[in-house]
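Note that the chains are named A, B and C in the order they appear, and that numbering of residues resets to 1 at the start of each chain.
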Amino acid sequence: MKKFLAIVLCTVMVFVLAACKGKDDEADYSFADGDQYDYIGGELNILNWGEYIDEELIKIFEEETGVSVKYVKMTSNEEMLIKLRSADCVYDLCFPSDYIIEQLIAADMLLPLDKEKIPNAKNIADRMIQFTEVFDPGNKYSLPYMWGTVGILYNTKMVTEPVDSWNILWNEEYAGKIWQYDSVRDAIAVSLLRLGYDINTRNADEVDKAKDELIKQIPLLKGLGTDNIRSSMINNKAALAVIYSGDAFACMDENEDLAYVVPKEGSNVWFDNVVIPKTAKNVEAAHAFINFINDANLATRNCEFIYYSTPNQGALDRLDPFFIESETFNPSDEILSRCSVFHDLGSFVEVFNNAWSEFKSAMGN
Amino acid sequence: MKRRVFAYPYIVWMILFIAVPMLFIFYYAVNVGGTFTLTKLWSTLSDPAKWKVLWISVVMAFKTTVICLLLGYPIAYILSNMKRTVAGFISVLFFVPMWMNFVLRTYAWQAILEYFLPGLLGMEGTLTGTEGAVLMVLVYNFLPFMIMPLYNTLAKIDKSLIEASRDLGANGVKTFFRVILPLSVPGIVSGITMVFIPAITAFTVPALIGNGKYNLYGNEIELAFKTLSGQGDYAVGSTLSIILLLCVFVSTLIMNHFDKDQKQGGQMW
Amino acid sequence: MVKKAARSFKYVYLALMLFFLYIPILYLIVFSFNDFSTGRHISYANIGQWKGFTLKNYSTLFSGDAGKALLLTLEIGAVSSVVATVIGTAAAIGIYAMKKRTRNVILNISQLPMVNPDLVTGITFMMLFTFVNSLLVHLGMKQVGDVTKLLIAHISFSIPYVIFSVMPRLRQSSDLLYEAAMDLGCSPMKALFKAVIPDIMPGITSGFVMALTMSLDDFVVSYFVSDLKSVLSVYIYSSARGAKGVNPALATVIFIPLVVLLLAVNLRRLAKEREYEIQNKKVKLKDKGGNIQ
């Protein structure tokens, strides 16, 4: 019995020892835009999505500035909003998506960025700035961090016809093999686009029609998914899926039968931008961090880690052709011209929510 | 010193950390953006779709509870007839899987039902997205919470009662239904509470195992809170929770009515 | 013959049910040794294909904050389940002695944390702490920190599970036990510890196990309550949303220490019991049916 315990303990020790062996550093984490960092000190509390930064960067930032970084992960924009609204909000930096930023600006919850403290903002590609201006005029409060499109990921072995339209998601031939995205704005946007409407429509009839089409789609669906779509597609368990380009890109890396397309009717282009909430305590460090992640070389490393498209031109110049030559990762201007950004819908969002709720209860039957 | 004094620390705790947070729910159900209004409350209450979802969820939770009881009772019974230390150890073994994180467990089930099992059986499709799969994983998650209270009560039953029943000529089946089952009612009630009520509001399992096809009450509340609370509107979500609370209180009253075990009481239902 | 068959059927059934409960754990343990590197990155999202044995998942495991999260989880789990067990057991004993009406009111309120979806509990706790903290700021006092908030929340949602597993045991136990002990000259505390508690001990143990389980398993409440510290489940859930997915080695990392602890405690108890039994056999004549049951 004691022997048994000893064996178990030894096994645990082996694992712990194996775990202590740090990862080997071969990647280059030097500054491309020069070391611009002095000692700042204090704490920096960051709220960001899970696995949405190369943690090596945080370590380097801590060494450079003496700031102790607390990196907290969030799982949805809405949860983040709830936290930002709470009176004792502690975060100095946040990475919300486009229409949420519009909402935050309207509610006067963000601090204007001091561009003089962010010289590396020059690295951000012009065509990205044009897009983010739509929800943050003059990029006064935010800078793009990661971005992507919404499109169709499909299995070329199962779908032999050319895929170029949202219509294929309503094709009975693929009944039971279609994934719809489990999110109000994304799913309704797909249906709106297919009908030729604007994704930011304020017309209740159009939303209603889009909802009816979604209900018609139910018998053909494998289900509604988010993260689970990825592994399902990689394992050839579904033929078609609505997905974010970054996830599609990672899936295609794992299964060469997969392909991604932004349909001809157009689509949504989304941005996760970095912002400083008004409640921020260490504004100095927050600006330094924004500048730091926009260093061309570090942005490259970060992008290689996350696999989502980077808005950083410096990084685009440095990235491997594997990334740059992919239409999924780096879509052409022609594709982007078809895409538009989500806007905050104000109180009209209730119409969307009701439609979604109706769609969901139709699903249960 | 009266024994009820022992409950005082808890009562203080309960008021501070259970009752007061609950008041927030009631407050936010009638307060949208700082103004008092009953419109949200009423529009939610009068929406038949919400009630339908509640009904579907209650049925699902009921099925889960019945399956847990049918699977769990024999386990608890077998354990109660084993040596106490061994049985105690095994009953904890039934709990150990729950120590490994819920999210990981559900992801594992998802992988098993989506690829592993179909692959093993040489199936074309997958097993996720069916009611059977959702029920199975719900039963999986709640079974230990049924076994534990059942085992505790069954282990406590005086064995001489069973012997007496046998001596008086009752056969095994009769002894079970006349002696053992009635005596294990407190455990059954505890088990049902710990399974049925949380099962109504489970939302991760229907989303991940049911491929989002089974919209249960928990999902409805989650959706209401998540999509609206960003705007500072907690009214719909709060109202949905209040409906649920009321339903529980009603079922409590009904159960109290049936549970005539006044003296031995201590019932929650 | 029939009896023997019935007996072996019993064990087969137990084994089958245990196996059912351990399927996903075994699955994750096996896949924690799977090589997940694909193309040029590592993606744990796909736990469906076996691609070869590696220990790499363990070496990269603690490169992030997983270690800190694990420690915090164990810390919160241990403290909250012990406190919840003490408060909950005392509460059950006290509530049981109350009049039926009061008892029912208290028990009904106690059910709330079980009834409420985690999300609602989490948001209401967040509101409460925000309120308290802004009050404290007004008074110029220090705000309530993450660990305290987590502990309060975890204790609160664990207590009902303790109460509801001690309660049925109390119902079976004799009312007279406490009074008899007092009549025999015990102080109330002594009567409690010497007579009542030993009698309901199994209920307390299972209450403790459930409290620990609830604490280890929770992620929604912890997510809303804690601002800067994440417990393991929050860490896992937020990683699951990312493009990389969750490293299945995390499963074994939380699992193995707990199982070792459990085995250590139980094996010692079993050994003690056997010693006791051997001693008992020697004085077989004494003490048969003399115990208060």
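In this section, a residue touches a chain if its C-beta (ideal position, glycine included) is under 8 Å from a C-beta of that chain, and two chains touch if they have at least 3 such contacts.
Not measured: the values here are computed from a predicted model.
Chain pairs A-B and B-C differ in how many C-beta pairs they share in contact, with the greater number at B-C.
Chain centre most remote from that of chain B: A (centre = mean of CA atoms). The centroid of the Cα atoms in chain A and the matching centroid in chain B are 36 Å apart.
Mean C-alpha position of chain B lies 16 Å from that of chain C.
The residues of chain A that reach two or more other chains are 76, 79, 82, 231, 235, listed in rising order.
Counting partners per residue, chain C has 47-49, 123, 127, 237, 240, 259 as the residues that reach two or more other chains. Multi-chain contact residues of chain B (touching two or more other chains) are listed as 111, 114-115, 226, 229.
Of all the residues in chain B, the ones that touch chain A in their complex are 49, 52-53, 56, 110-111, 114-115, 125-126, 128-129, 207-208, 210-216, 219-220, 223, 226-232. Against chain A, in their complex, chain C makes its touches with residues 38-41, 43, 45-49, 55, 58-65, 123, 126-127, 129-130, 133-134, 137, 143, 223-224, 227-228, 230, 234-235, 237-245, 252-253, 256-257, 259-260, 263-264, 267, 271. Residues 1-11, 13-14, 17-22, 24-25, 71, 74-75, 78-79, 85-86, 88-105, 107-109, 111-112, 114-116, 119, 140, 143-145, 148-149, 151-153, 155-158, 183, 186-187, 189-190, 193-194, 197-198, 201, 203, 218, 221-222, 225-226, 229, 234, 237-238, 241, 244-245, 248-249, 252, 256, 262, 264-268 of chain B are the ones touching chain C in the complex. Interface of chain A with chain B (complex): residues 76-79, 81-82, 85, 100, 103, 176, 182, 184, 221-225, 228, 231-232, 235, 237, 349, 353, 356-358, 360-361, 363-364. For chain C in complex with chain B, the touching residues are 10, 13-14, 17-18, 20-25, 27-28, 31, 47-49, 87-88, 90-98, 100, 103-104, 106-121, 123-125, 127-128, 152-153, 155-156, 159, 161, 163-165, 167-173, 178, 188, 192, 202-203, 205-206, 209-210, 212-213, 216-217, 219, 232-233, 236-237, 240, 246, 248, 250-251, 254-255, 258-259, 262, 266, 269-270, 273, 293.
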